[in-house]
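For reference, the structures are reproduced in the following blocks.
Next come two complexes, and both contain chain A; in the first it sits with chain B, in the second with chain C.
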Partner chain A sequence: MTDSSEPGPAVREVRLGATRAEGGTREVSYVIGGDRGLPFTGNRPDRLLVALEVCDDPQFSPPVVRDYVGDLANNPDEWARAAERTYGADIIRLNFTSTKQRGFDAFSEIAPTMERVLAATARPLIVEGSSEPELDSEVFRRCGEAGEGERLLLGTAEADRYRSVAAAALAYDHAVIAQSPIDINLAKQLNILLRETGIPGDRIVIDPYTGALGYGFEYSYSVMERIRLAALAGDADLAMPVISAPADTLTVREVREATPAEQDAIAVAWEFYTAYASFVAGASIVCVRHPLTVKRLHEALEV
Partner chain B sequence: MKDRLTDSLATAIEHGRTGLDARMQALSGKLAYADTAYALPVTYAVTGIAVRDADGAREAYRQSGSNLLVACECLMAGEGGVEIPYTGFIPDAVLRRLGYTLVDGSVTGLGLLVGTPESPDAAAAICREMQEKYLLTFLAGGVVEALSGAGVRLGLDYRLVPLGPESARGIHFADILARVAMMFGGVQPGDVHSLLGYAAERAKAFVIAFPGLTDEEAAFVDALRVLGIPILAAGEGYEGGEWIPVAPATAVRTGMDLRGIRVTVTAIPIPMACSPAFEGKSIRKEEMYVEFGGGRTPAFELLRMRPREEVKDGMVTVVGPEVDAVPAGSALPLAILVDVAGARMRADYEPVLERRIHTFVNYGEGSWHVAQRDLIWVRLSKEAVAKGVRIRDIGTLLAHKLKAEFPDHIDAVQVTLVTDRQKVEEMLSEARKVYTARDERIAGMKDEDVETFYSCTLCQTFAPNHVCVITPERPALCGAITWLDARVAHEIAPAGANQPVPKGETVDAVSGEFAGVNRFVKKASHGEVDRISLYSMIENPMTACGCFECIAAIVPEVNGILIVSRDFTGETPLGMTFSTLAGTIGGGAQTPGFIGISKNYILSERFLQAENGIKRVVWMPASLKEELGDRLREKLAAQGMPDLFAKIADEVSGGREHDRQQ
Partner chain C sequence: MAMKALDIYKLLPKTNCKRCGYPTCLAFAMKLAAGKAEVEACPDLDPGTKALLGGATRPPVRLVGVGVGERSVAAGEEFVLFRHEKAFSHPPGIMVQVSDTWPEERVRSIVETVRETVVHRVGMDLVLTGVAVRNESRSPGRFAEAVALAGGGSTLPLVLIAGDLAAHEAALAVAGHYRPLVHAATEENREDLARLAKRYGCPLAVRAASPAGLAALTAECAAAGVVDLMLDPAPRSLQDYIAMATGIRKAAIGRTEPALGYPIYFDTTPFRETDAALAAGILKYAGVIVVPPLPPATVAAGLTLRQNIYTDPQKPIQVTPGLYPVNEPGRDAPVLLTVNFSLTYFTLLGYLEASRIPCYLLIVDTEGLSVLTAVAGGKLTETLVADSLRNFGVGETVDHRLLVIPGYAAPLSGKIEDATGWKVMVGPRDAAELAGYLEKEWRA
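For the complex of A and B:
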């Protein structure tokens, strides 16, 4: 790092969560981004966040997670409380997996689930709303409304379906996850599209899509690295922090076919190495699903 | 405001203005709406003043330059509420939801109906049409009772919002627009300029006025025009002003056309997934059920603009055998004919939209497309055909995608797919005439005539740091995008892959190095490439993706240049085939001595001028010589070298060439 009085370009800062003073009810809020260099070259480690996923419908959780969390899986609020207090997640990722069901129409359940989870944890929330484009409008509005004031990180905007997420973020003052399929140019284009809807750059987090280790992760790594380099080279449309959700890692063959005795260990190892590598590539938040991976990541980050 | 007081509407409006003015002066007491953080929203947005009482209202009215919307709002705030089922002023919390549907596209636009319709049934039909087109409609005045009487169900859930029994309650329509602009558009209170910009571009609204407005109501409705809102007069009594007379049956259509409101459908009804995620996936020979073109059969694609009445939107026609009529592994001829129509479509958009066929076909999970024009090569996979995918589905995919991606320019698309060999061959010569005409359009333009070049980074999906710089005299190396095409592409999609590149200062006129181009390339190549020369293959040549029509390479033994085109499968005098060379120079690298080029660049005055250009060329495949034929002969003759053409060797006249030293 140079001592130049003119600091070079930096990744933008994005605030997640809102304390009482900030108009919400969280005990803590985070500011991610702000980096002026490559990862781990002077980065403040307290800006790296580990999110643990909580699903409203456990049937779409990987079996290894369901087996591990047991009854918690049926109560997203209890699960969220445990994610914070027992497993130490920095931020809770509430995934409305129920919207994956064929013919989903339980829109009225969304706000109560949001409220219960918000009450159960004092950590900021990432909310993955609708899984189906035709549900987007109804689902994102309810997620956004129920979390008003809490500065959620709402997911997921994609190039051909970003309007509902963007509208919810604009209407209720949230941040947005912008996901592109492992392609730096599409990542940039989506950020421009979001900007055109009126979302300020300090409310966008890039998700370049993360493949599982051994199953294409190297592509994701390389895109994350390039996004960071572009940001540091002054490309304002890519100067947003990165979130990585290596969701496929718990469904790879090695995890599925592990013996029951080894399954948790292999799942955690697979998730840990993928997620940690994402941090190395420049991610500010990694989202994991096995509760034990959280501690392992925190330990590794302390070294 | 016009000053012709002789005609009726203008007179009414002037009367109304006088009346509203007088009432403003007489206004007294506290003024407020409930449940809003925006005070009196129109007044707040226009003047930045949060009005609380009559004196404040008069001051704001004065500062607004006697804006009648401000007057009507202040006057309305002094009146009482309305009875159910009327909504009156809509609280912020509800409005946030309404604004959400507008931003997220589930509502396409906003309508306000005022006055009392002559025929309740006609008004009901208007409302039905507005519902079908996903418009959010507000109602004020006698129209509400007329609709209830005609059995129309009203309420937010039906997207028909009864504001109040008097047309004057339509002022809430304006306060809704003002708050949407402040909530969603980042418009700051008092910033009239951005308020007007937002209302004109984002909140697409129109008014339908039925008869029976009072003078004051007419003045208020007319004042909405400042927000870029057209007033459609559906009935008698509004002649002689700026209102647009319409028949009730065409009112919605007219309003939508005036505001450019379009309904788009996202799901494409074909039995295969369609997403950019499948774009990079190729279909290998063993996985292929049927292929078109690629050298095995004649094939081409052509997109043309047609008058609106000649395009039946969404129609897909297949002429000739469908794919299930041939066994697996077959090859069929193919013509992809796309006809588009649109009020804002222009003939020079044709090649740009045509180039998108490549992208869209590749979006299909089981369809694959390479190259362009009459060089296309299309495959459908066995898996896709087993799921029921037919060549017809490619037509459906194209029709939907073109409309969805270019909603501002395309109103209607029809696609014809021809697999009948004789017909394809007949049409091919017609298509080639179109391609030639397009190439000629740019033929007279020179690089020094323009200050701006264009980039193309479409191929960064495959070659992440490659940047094509397109100039009038150097088309994209794929041959499919000229400078004009790139300019148009930028107009259509300002955030897309073709961006303006300011030339900047000339660093070297001969090798074609420009400071602005270097700056752009450095950024767009993510810092990989610092300098490029547009007219040289030795010093900082342009990078190549992999789509080049031809490769130019130095032949060191004779100090000359050879050019090999993609269709030539044999060995070049360098001892390498096209594909071996392509593998060496592609991927976004600078390889001095080798460049990827388009065929038309060979004919350009700027063709490798740093290396003495066409004079240096010693070898080309016979097919390329034949294709460039007369155009190249003409060019050489004009440069005083009429016999040079015959001296360029090919694979027939000699694989190695020693005669042609300078």
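For the complex of A and C:
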């Protein structure tokens, strides 16, 4: 009754992180993708990763997360260490939110932050660099260079700004997040554009954009399902693993308006339902922001 | 396999006599192909053709109802494996479990919670569905009492979970007229339970750990006269549930195994991770989901997921475009431009009502797209705004010519001014900041 028994095209495998043997300094590296059937229907479990976000500038982290992590928020390296050791994240998502500041010019801080975070955790890193087109080339170059050899997952490439990320990924041998706004055709086009820059298919992870639960999530859910179906049907330009980052989920009204006593429970519930549903739709990596969601997801994936 | 309209048409009398209620035989064939009509409606079909068409055109997953009245739930009548192909029809019923070994007070309060819980979202009231009463006392009498405590099925639909025939007999004597779901007919007790379900006209769940086992049971129960059936695949893990449910749904909609063409029953209580199990049931084809009592945080998120997954992917939930007064506005009240996506409207309305600021909402037709999506997709334009101002008589309703637009529509502000002659004020992006903004910036 399951699909795994049927031979067929697979989702491509993508390696993230590099151990010493692989030329990096991580204690583990992961290979995601490789699925041959619908999510959760195979005999061999899908390789699913839970990422926890760490911001270099905490003012862009949702209030409920800042309240929960407290002083950790002021030190991305301490925060990253806790993400691995205390909260159990498989992979750390370092978000250079400082680049969202108007007039950002602290380029020289990027490499030191990267080094401190790399030293603080033995897990692979997802690095979200710039979110401003004018900053892209400088920011991605510095992130890429500081992580050389570590096979980062660098983000985010979009249709109108992918060259800088791609250049950094090519120069320093990293993988790339390709984000498109909830549209399977746009996802495919972007992958083709990236391939034309020279990024091989086994270094691309699709981010189809995840709307918040109750605020557009259903569209994201269906696009993830369709991407998996396209991959199973043999479309090589969509046969990449999917990353889902339901980043808006902790700023929805229901979470913002929760009473202090309930806010963690409500935040985790909203994030958990979105993240778990993304796995069921076919995501290989889910990025969450509340530390307590990580353990809940791991427990859920075990049953 | 499902039949195409033309293949069905070939088997019809082709007299276009209209007695089926459709103008032509072809129109009837198209309805049949879509699973939207019953073969019985055409009086001129011989029994052989009827049987052939009936098997190929009835919904691949049978519609099965549990309970009676307003709060009753229907499951099934599904046609696809993935929601992007066609909207899923019937959101699963969520049945909160109580045990007949629990103190009366506890059962009462849980039943009360199920009855009273409402999550308001997007103009809809999302509710828990009913109560599942489990016989753990080994006493038929206590089971029947617990069933009575749960309302007997007269207000909330019930699931009766018992392994023992005598327990079911006792419970059905209380609740049998309210169509509770009887759980479960197994290899061992199927004859007795089917007889009982038939006597009361109740839906029956069958339980077996393999699709073949389930198919054998439904075939027997149907032959015994019980056709309102559900399938409990007795999953060992969540992954097992997803794999089994997917296989069952595939077999049903592909019509490769009609004996699996029934809604799925999923009991989450054996699994420690209730939220994950509830989500898996919602996402993957359950018609009825049994859960332990849920904390409030979980209820809101779970019901929202159910609402999301069961909305029509082709057609966003929309409100009718127009000029909407909020908080009894006068002729100098602000006019706020927004879109006809339900979520946008209700989010905005929530904040405006809480702030008590009198205003008019000018809702324009973006075909149900949110502000940012409509701007990005070119659906929100200055022409649309100009036409809407004119068509909804906004100029006749207020004395000023000031239009507050959403922050995300800022790129359109100049064009809107040129096309309408109204002065545009660019509001905040986030509706939560709207009240503060109006207090500071608004003067007519």
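Everything below uses one rule, namely that the second predicted complex is superposed on the first by the 292 of 303 C-alpha atoms of A that agree within 3 Å, B and C clash if a C-alpha of one lies under 4 Å from a C-alpha of the other, contacts with A are read in each partner's own complex, and residues count from 1 in each chain.
Assume a contact is a pair of C-beta atoms (placed from the backbone, for glycine too) under 8 Å apart; a residue touches a chain by one contact, two chains touch by 3 or more.
In this text, all values refer to a predicted model and were calculated from it rather than measured experimentally.
**Student:** Could you tell me if A:Ala122 is touching chain B, chain C, both of them or neither one (first, second, both, neither)?
**Tutor:** neither
**Student:** Quick one: classify A:Pro181 as touching chain B (first), chain C (second), both or neither.
**Tutor:** So A:Pro181 meets both chain B and chain C here.
**Student:** Just to be sure I read the superposition right, which of the two partners does A:Glu196 touch: chain B = first, chain C = second, or both, or neither?
**Tutor:** So A:Glu196 only meets chain B here.
**Student:** Touch test for A:Glu262: chain B only (first), chain C only (second), both, or neither?
**Tutor:** second
**Student:** Quick one: classify A:Leu170 as touching chain B (first), chain C (second), both or neither.
**Tutor:** Only chain B is touched by A:Leu170; chain C is not.
**Student:** Could you tell me if A:Trp270 is touching chain B, chain C, both of them or neither one (first, second, both, neither)?
**Tutor:** Touch status of A:Trp270: second partner only.
**Student:** Figure out whether A:Val31 sits in contact with chain B (first) or chain C (second), or with both, or with neither.
**Tutor:** Neither partner.
**Student:** On the A-aligned overlay, A:Glu225 touches which partner chain: chain B = first, chain C = second, or both, or neither?
**Tutor:** A:Glu225 contacts chain C only, not chain B.
**Student:** May I ask you to decide whether A:Ala10 touches chain B, chain C, both, or neither, giving the answer as first, second, both or neither?
**Tutor:** Neither partner.
**Student:** Taking the two structures together, which residues of chain A meet both chain B and chain C?
**Tutor:** 181, 226, 229.
**Student:** Spell out the residues on chain A that touch chain B in their complex, using ranges where they run on.
**Tutor:** 133-134, 136-137, 140-141, 144-145, 159-161, 163-164, 166-168, 170-172, 181, 183-186, 189, 192-193, 196-198, 200, 226, 229-230, 233-235
**Student:** What residues of chain C sit close enough to touch chain A in their complex?
**Tutor:** These residues of chain C touch chain A: 82-84, 121, 211, 237-239, 242-244, 246-248, 250-251, 271-273, 275-277, 279-280, 283-284, 295-298, 300-302, 304-305, 307-309, 311, 313, 343, 347, 350, 370, 376, 432.
**Student:** Would you pull the chain A residues touching chain C in the complex into a rising list?
**Tutor:** Against chain C, the touching part of chain A is residues 1-2, 38-41, 45, 181, 213-219, 221-222, 225-226, 229, 253-254, 256, 262, 265-266, 268-270, 272-273, 276-277, 280-281, 296, 299-300, 303.
**Student:** Applying the document's contact rule, which stretches of chain B touch chain A when the two form their complex?
**Tutor:** It comes out as residues 96-97, 99-106, 183-186, 266-267, 275-277, 457, 460-461, 464, 495-497, 523, 526-527.
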